[in-house]
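One chain, chain A, appears in both complexes that follow, with chain B as partner in the first and chain C in the second.
For the complex of A and B:
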């Protein structure tokens, strides 16, 4: 008897709980889950987005087109995005960790420096792109300075290789502040006693970092790598402001390809196939990084 | 000098040089906002007070493609409305998920968290078709709902993690006293969630404030509503070498957010690291 009441109450409780999730589930399902479903469906069709012309089923044609890339117009975006993700992740994390070690003590000077390192993140990426365009463009501030000193101008945004390098540097400039804040938070969790003990045992600062600080930072490193890779994979706004994908297609990222090339040219099916692939890559990469980092994190527990 | 003081002098010098490097773009933007094109080209770093002028700043202020005051009003509205929807729906959902045992609610959490790996601007193309089908395309409610839906996964994830850390005895005591679950949630649990709500609000506010693709595509380039980012794009994108337009427009677009950031820097940066630690 008592059991039935409690299970009935459990059921009623679950029902109330279920009802409480409905508003969030409705908004999230309607505008994120259903669109993902649509993206998967459209990715198997040829569709120009015009309501009067329904999508026609073409199977894996869009995916085959992306993978085989017969006219060589899609692969550059994959290469550009991969370069940005790999180089960007290393530079962002290197700069952030280096500065976090320099700024870890809370002094007024360090607080000021942290604010200075972080502020580009509160500007929108589009504005960051436009600003650096005005500084590094062919007519920009830097090139005018060089020319007025009699030096020749530099093709920061005019030469394909330079432009990609410039783009990566600008992204790092704008982004590493976030990772810096995460590393600073991580460093606070490193036990000072352990570092002090290592120092008393005669370890130099490099050794203390390698054997105490770095292992203890492992969980933070996982978070910073995953968050930086995820945001680097979807770079779009800053490209629009800085280079608009040029020169040629030298700085067209995967997101740029989806929004400003495929979708803008009414190739909705292709755009959706590209979007589905990007979501898959982002998911697989994140889980791979988390799985690979698990061993390092187990080491962190041993140290902590 | 001892070794440690040399080391700390080097450290201060390195940080100072890097700080200057971070600030140079802001300096260039500010001084050039007060100069005519010819002078910007001739001496991009200097500011001659004799020829400095606010003429171009005034022109940028009156530019019809970027109505500054309205742009700020629309952007601020988006920040608040998206947060109300995202936080308002995530609080009860996270509470239900955190407090109800069973595989169904574990699956629900997973279902929401999976959304964190879906980049908003990538899912925008198919979302446009959903908005069209529901008549919300080109409207502010449609934009708010889309942006809020991209905020819900993270918001709900950190909320449910936080509620799990709150002692269950609080809710149980209240429920013995006969309070309904909604009342327990909003009068007892929600006030205790203040720190994590602040974190979520700040992070969501930053992403809403800086979002360009969603308003540009959902409202459309010809929309009567312009946010700061879509307004800047409309004003600048076709005149990127007309620096008389570029610098003053960018200055108008960044000064308020920079002021807010400097005033609130402890909360913003603290909120970010709190979110990461909990997430």
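For the complex of A and C:
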């Protein structure tokens, strides 16, 4: 009898727990699963987004077009996106970790500096783009200053290679604030005793960082790499404000191709196929990074 | 099952349905509900010249006369072109849409205005109709093929007459360059690059191949062949340094300011630039000439032109009579037409010359044009290319000229793009 009551209570508890998840599950389903499901469905159709003109099932036609890329639209955009993701991830994490190490101690100046460093992330990405266009454009503040001093202007946004480099630097400037906060939080969790013990054993600052701080930061590094790569893969707003994809197609990203080219021309089916592929690539990259980082994280547990 | 458990389960179930109820409450009902009160919603372009206040002032006499309330709405996205399809998708399209013309996707969603007598009498109705069917009307014509020039710089460079042929234009640019003019001819970034290159080519292109869009559509010509000659001209100017890569990274607003500041010799732009000039008159004399042709005997060539203040009516409107009455008022009332001419200058037969001296010069040029022709990014009518997104692609490819791409490669890419797009 006691076992029956206990079993019933266990079942009841599970039922209540299950019911309590319904709100979150409903919101997640309504706002994520359903739209993604529609996007996947539309990716197999020819559809212009107008409800009175229903989608026509075309199978893998949109995907075939993306792979064939008959007019060389998406391939350059994928290359640009890959460059932004790789270079951007290194620079974002390098800058964020470096500054986190400099600002780890809580002093009035460091607190102020942290706010200043985080501030770019608060700005709308579109505004960041326009802001830097005003600074680095052919007649922007920097070139005006150079010319007023008799120097030649620099083609920050006028030359394709310069424009891509400028775009990456601006994106890094706009994004590293979040990573900085994550690294600061991660550094707080590194055992001061362990660092102190290493110093007592004669380790220098570089050795303490290499053998104690860096291994202990491994889980934080994984999170910052994954989050930065994901946000770099879908860069759009900064591109729109800074270069609008130009000159030519030099700074058109994958997301720009989806939103400013395919969607803008009412090619919802093709845009959805491009978006589905981007989501798949993002997922594969994320899981690959997490798998590659597993060993480093195991080392962190050992240090901890 | 205990009472407390049942209470907790009911509470959990209720909580579980809250989002569903909330979503249901947020969902839209009848899309036309907004206009059930007899009002008419009009989606318009909002710019420095076309402000919300000016739009409301424009429709006020109509509201007073008809008793219909007109609700002016600006675009929810970057532009009306972007907002209208989004509003159609959301089921909340406005009754009247201003500033854009129909495209292949939006045309089936628009009211056929052919049956209204006043519609066929509107300017450019013939060039914007498909097999005689009209679904967009306007108040006049905006000239596209215009070359604004700094007459003082021309005089300093020893140019006595505005160029009429391509050879004369090349000579004028060389003279401006020799005279030390910083930018003999200015182009701008984004949409402007493609529009400007098309603008300077309209006259000769339509002399060489009248109705060239139909030739491309029926396969007797290619898009690349149509534009390769002008691409070669532009490439030559880039090579000579008359225009630099900085140009196509500089927005049109800044280039217009450069022209007004006296740093630019020639600035190709549409007639709307005359409104900007009137608002900030330069301290030098401004002239306007038609883009060149190959043979002086053909000058001036056909004038590239687009419909001014285009209006369309959504087919799903709950108030078709009110919406069409509003459009009829806007495109036929002398008072409304004069008001719109004040808001943004355009040409129209019988319209009193504007007090704007620059618009007056434009009017003279349009009056002397032998015919009007629609540009390549025209999306409606018998002269529309059967592709979407022409100007953005043309701009992207044309900007390659400033990076040293050979014109033949750019032309080949244009043809390849057209062939892929017309299929898809």
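The rule we apply is simple: the second predicted complex is superposed on the first by the 274 of 304 C-alpha atoms of A that agree within 3 Å, B and C clash if a C-alpha of one lies under 4 Å from a C-alpha of the other, contacts with A are read in each partner's own complex, and residues count from 1 in each chain.
Heads up, the rule we're going with is that a residue touches a chain if its C-beta (ideal position, glycine included) is under 8 Å from a C-beta of that chain, and two chains touch if they have at least 3 such contacts.
Remember, it's a predicted structure, so these values are computed and weren't measured experimentally.
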Contacts of A:48 with chain B and chain C, given as first, second, both or neither: second
First, second, both or neither for A:79, with chain B first and chain C second: neither
Partner chain in contact with A:249 - chain B first, chain C second, else both or neither: second
Chain B versus chain C as contact partner of A:292, first or second or both or neither: neither
First (chain B), second (chain C), both or neither touched by A:30: both
A:151 touches, of chain B and chain C: first, second, both or neither? neither
Which superposed partner A:258 touches (first chain B, second chain C, both, neither): first
First (chain B), second (chain C), both or neither touched by A:137: both
First, second, both or neither for A:20, with chain B first and chain C second: both
Superposed model, chain A: greater residue contact from chain B or chain C: B
Chain B/chain C common contact set on chain A: 16, 20, 23, 27, 30, 49, 51, 137, 139
Partner chain C, residues of chain A touching it in the complex: 8, 12, 15-16, 19-20, 22-23, 26-27, 30, 48-53, 65, 70-72, 137-139, 153, 155, 157-160, 163, 243-250, 261, 264-267, 270
In the complex with chain A, residue positions of chain B that touch it: 11-12, 14-15, 18-19, 22-23, 25, 28-29, 32, 40-45, 85, 88-90, 92-93, 95-97, 99-100, 102, 104-105, 108, 112, 115, 117-119, 121-127, 129-132, 134, 145-146, 148-150, 152-153, 156, 181-182, 185, 206, 209-213, 217, 228-229, 232-233, 236-237, 240-241, 243, 246-247, 250, 253-254, 257-258, 260-262, 265, 268-269, 272-274, 276-277, 279
Chain A-facing residues of chain C, complex: 1-2, 5, 8-9, 12-13, 15-20, 23, 82, 85-86, 88-89, 91, 103, 105-106, 108-109, 189-190, 244-250, 254, 258, 316, 388-389, 392, 396-397, 399-400, 402-403, 405, 413, 416-417, 419-421, 424
Of chain A, residues touching chain B in the complex: 13-14, 16-18, 20-21, 23-25, 27-28, 30-39, 42, 49, 51, 99, 102-103, 109-110, 112-127, 130-135, 137, 139-142, 144-145, 148, 173, 178, 181-182, 184-185, 220, 223, 227, 230, 233-234, 236-237, 240, 255, 258-259, 263, 268, 271-272, 275, 278-279, 282-283, 286
